[in-house]
Amino acid sequence: MDTLLQILINGISTGAVYGLVALGYTLVFSVLGVINFAHGAVFTLGAYLTYLLLGGAVGANGLLAGLHLPFALPFWAALPIAGLLTALVSLGVEASAFRPLRRQQAEPLLYLITSLGAGVILVNLLQILLGAEGYSLPTTALGSLPTTLSLAGAQLRTVQLVLLLVAAVVLAVLSVWLEGSRSGKALQAVSEDPTTARLLGIDSDAMIRLGFAVSGFLAGIAGGLVSLSLSISGPYFGISYGLKALGVLVLGGLGSVPGAVLAGLIVGCAEALVPAEWSGYRDAIAYAFLFGVLLLRPQGLLGRPQISKV
Amino acid sequence: MIDSTLLVQMLLGALLGLSVYLPLACGQLSLATPGFYAIGGTLAALLSTRVRALGGGESASGSGYPITSLLLEMLLAAVLCGVLANGIGAVVLRLRGIYLTIATIALVEILRVVSLNLTITGGAVGIFAIPQPFDQPAGYALFTLGLLLLVCWLCQRLAVTRPGLAMAAIRDDEIAAASSGIAIERWKRLAFVLSALVAGVCGVVAAHFLNAWNPRMGNFDASITTLAFVVFGGSRTWIGPVVGGLALTALPELLRPVGDLRLIVFGLVILLGPSLFPQGLITPELLANVARRLPLPLQQSLRLEKVRAQGEGKP
Amino acid sequence: MSSRAGPPPLLAVDQLSCLFGGLVAVDQVSLQVQPGEIFGLLGPNGAGKTTLFNLISGITRPSSGAVHWKGMAITGAPSHRVAALGLARTFQNLRLFSSLSCLDNVRVGLHRHSRQPRLQALLGTRAFEQREAELRLEAWQLLESMGIAELADRPSTSLSYGQRRRLEIARALACRPELLLLDEPAAGMNTTEKGELAELIHRIRADYRIRAAHSLTVLIIEHHVPLMMELCDRLAVLNFGRRIALGTPLEVRRDPAVIEAYLGSAPQEDS
């Protein structure tokens, strides 16, 4: 586990997850100008859903004790399905926490508060239903692939490589969609200039919902990837990812898609490079980056400084 | 029904609500209150268990801790939290409001991680057997009540003097406030520092009251809870967070079934509050109505004409 | 700048530019406002007039050029510092404090002049209360000079549009400025109110001559050409961010560039 290659793979794997989560924040921030604080909870939901879809069983502590789906899907089926389900939940968050405020033209501060509430409710519902214990990967998850692969003289966990592959595919598809498709370009238009977009006939309400749906999908996939490659330590584990991804978001620059990915990789690798005796401090790395960025370059690596009209 | 122990918790809740309220009165959402609370508590725990000179360990039961030492701890916690808040504020407050919120979340997390890993704070287990300045919860209740009254008085003085008006203006419209000569960053920083002071001092009292301190005190959950105090109680006057803190701390204890769903209830409060009851329970209109019903001499001696007028003329 | 004889202009804008991404909002604009004059800024919508105000009052940073106040450089200075130096402004889209009463809105304008000793403020001593009452009276008198004193305790949101405009002016005057920047104060007013506005501005300046230590200079943006022709001592006309004319109303009215860009056949009409 000590080779540089292994460390790099660890770093990039973690970084890929951070990047996906940060991307979700970025999408909503682009179209609405606010941060969706329920994002971490949706991520957690994605992890649990993937676990269930992979055939995992719920422990004895929650209301749904012993819940166990009658089938066990391979990862390449479980992930997208979990993603679609979390996309739906994310739309629910939009409807309950964001839309009522938009109708009242509320100030940005209030969206933070309501989305926090939505996230808290989601996570605690998970805790009540599924209990607080941890889960690890069901053995059928990888299908027929071996658990470890030999690469360049090191034994690497297949799940990590799967994670990287999936993340790369998702990222590629997202980029193609944003740049190449009508809806993707419409989304970008709304994020650049909502008024002009509306004048051009783009339904910004629909675009906002689309942004939330894609954001939820990304969160679900990211959660699923974590449940695949690590274990779930309880419903609160996603909160930590969600919060760290805020640091990634600021590092990359609010509203920047490539920034979110780049920053995710940087933070992931930085965490992986922390030596074992300081490993307890790994969790603080993302926040250290955050404060550093705010001190030195608040717009982040690739962010655009925002101009407001008087 | 409400025993002294619960009363102390309620009073601490009210104080923490005020801590969240102060930056909000300036239009800033800070979630740092639990972080400064943790700093205060850790400081008190460390000083009282390790510094012999302060008088902890005088008696085997841990009681009889001198009040002067308690006050000294509060002063030190205030200074430490104030300096830290001032430093963070100087960096973050010149940026858009969202950056302060994120930075305060990061602060709470960093403090949690650091205290989990530092052996001096006892790691995950924390610090035990913190000496007691009061034998009974009633002693704590009285002391905390005094503290709450002091902070309330300070908030009221703030509201009726120049800083209060400046902060209200900043909250309504920063650009217009700046164009009227208000140095926005300076006042935001003041609100943030005051918020940190209140939270830190609270932490000191709490550490002694709870007899033990560990990293689970003052985490992100607490950010949600204290925010709910303000959203529920009312974010327009300082009375709101006090009422919110008292009520929402008592509620889970009094209604046992609700207790388990405590966080879901708080989540619902802050999910629905801003759209359904934007100003919370205690609004200026409500205060005006109450003021109007008081006997006239009482109104005049409390100078409530302004409170009355604020409620008149619906927007 | 200091090589010419006589005092420097009150406000000097020198080749000021502002670029938003690819858009040039203000393009190397220069002008000078002399103490005591009423200086008008004309131009079609989007000509850069409000942006120029924002550059002067510290809300937007210029991309290049300089702003001087009484000979001192204030380019890019933050809004509150500009206000402290003696510039106050109103806003095209009205920026009142919605949770405050009318009186409190004006009291905010008195911010820089309402400092009190901390201990007295904390304890609420009689001296403190007395000074507060004086300040409240000053605010009330400003409301009265704008004709809205009876609305003092009403929420600012309950006022009519014209009343809100006057409230904003009252708040700006509370800063005791030497230069008042008015951004389309007549917008949304009917003809009668527009006429009253000119009279209001003259009255405010007359008040200043009596009460204040200095005269009140006014820099005003407006669309209503006849109003500006009658009111202003000098005018500058902006179009597409550039200054296309500068001079007395008579000179500007005859300027072919102005006629072409903005006035059309308006010089023939008199209000």
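First chain written, first letter: the chains are A, B and C, and each begins at residue 1.
The rule is simple: contacts are C-beta pairs under 8 Å (C-beta built on N, C-alpha and C of every residue); 3 or more make two chains touch, one makes a residue touch a chain.
Computed from a predicted structure; not experimentally measured.
Enquirer: What is the chain whose Cα centroid lies farthest from the Cα centroid of chain A?
Expert: Following the centroid criterion, the farthest chain would be C.
Enquirer: Where the centre of all protein Cα atoms falls, which chain's Cα centre is nearest to that point?
Expert: Located nearest the centre of all protein C-alpha atoms is chain B.
Enquirer: Between chain A and chain B, what is the separation of their C-alpha centroids in Å?
Expert: The mean C-alpha positions of chain A and chain B differ by 32 Å.
Enquirer: Report, in whole Å, the distance between the mean C-alpha point of chain A and the mean C-alpha point of chain C.
Expert: 49
Enquirer: Indicate the whole-number Å distance between the mean C-alpha point of chain B and the mean C-alpha point of chain C.
Expert: Distance between chain centres, rounded to whole Å: 41 Å.
Enquirer: Can you list the chain C residues in contact with two or more other chains?
Expert: Answer for chain C, listing residues that touch two or more other chains: 59, 91.
Enquirer: At which residue positions does chain A touch at least two other chains?
Expert: Counting only residues that touch two or more other chains, chain A contributes 310.
Enquirer: Residue numbers in chain B touching 2 or more other chains?
Expert: If we look for residues of chain B contacting two or more partner chains, we find 175.
Enquirer: List the residues on chain B that touch chain A in their complex, please.
Expert: Going by the criterion above, the answer is residues 27, 29, 91-92, 95-99, 101-103, 105-107, 109-110, 113-114, 116-117, 175, 220, 224, 227, 231, 261, 263-264, 266-275, 278.
Enquirer: Note which residues of chain C are touching chain B in the complex, please.
Expert: 57-59, 78-80, 82-84, 88-89, 91, 95-101, 104, 107-109, 111-112, 114-116, 121-122, 124, 153-155, 157-158, 171-172, 174-175
Enquirer: Mind listing the chain A positions that touch chain B in their complex?
Expert: Touching chain B: residues 34-35, 96-97, 100-101, 104, 106, 108-110, 112-114, 116-121, 124-125, 128, 239-240, 243-244, 246-247, 250, 254, 280-281, 283-284, 286-288, 290-291, 294-295, 298, 306, 310 of chain A.
Enquirer: For the complex, which residues does chain B have touching chain C?
Expert: Per the touch definition, chain B meets chain C at residues 157, 160-162, 165-166, 168-169, 171-173, 175-184, 236, 306, 309-310, 312-315.
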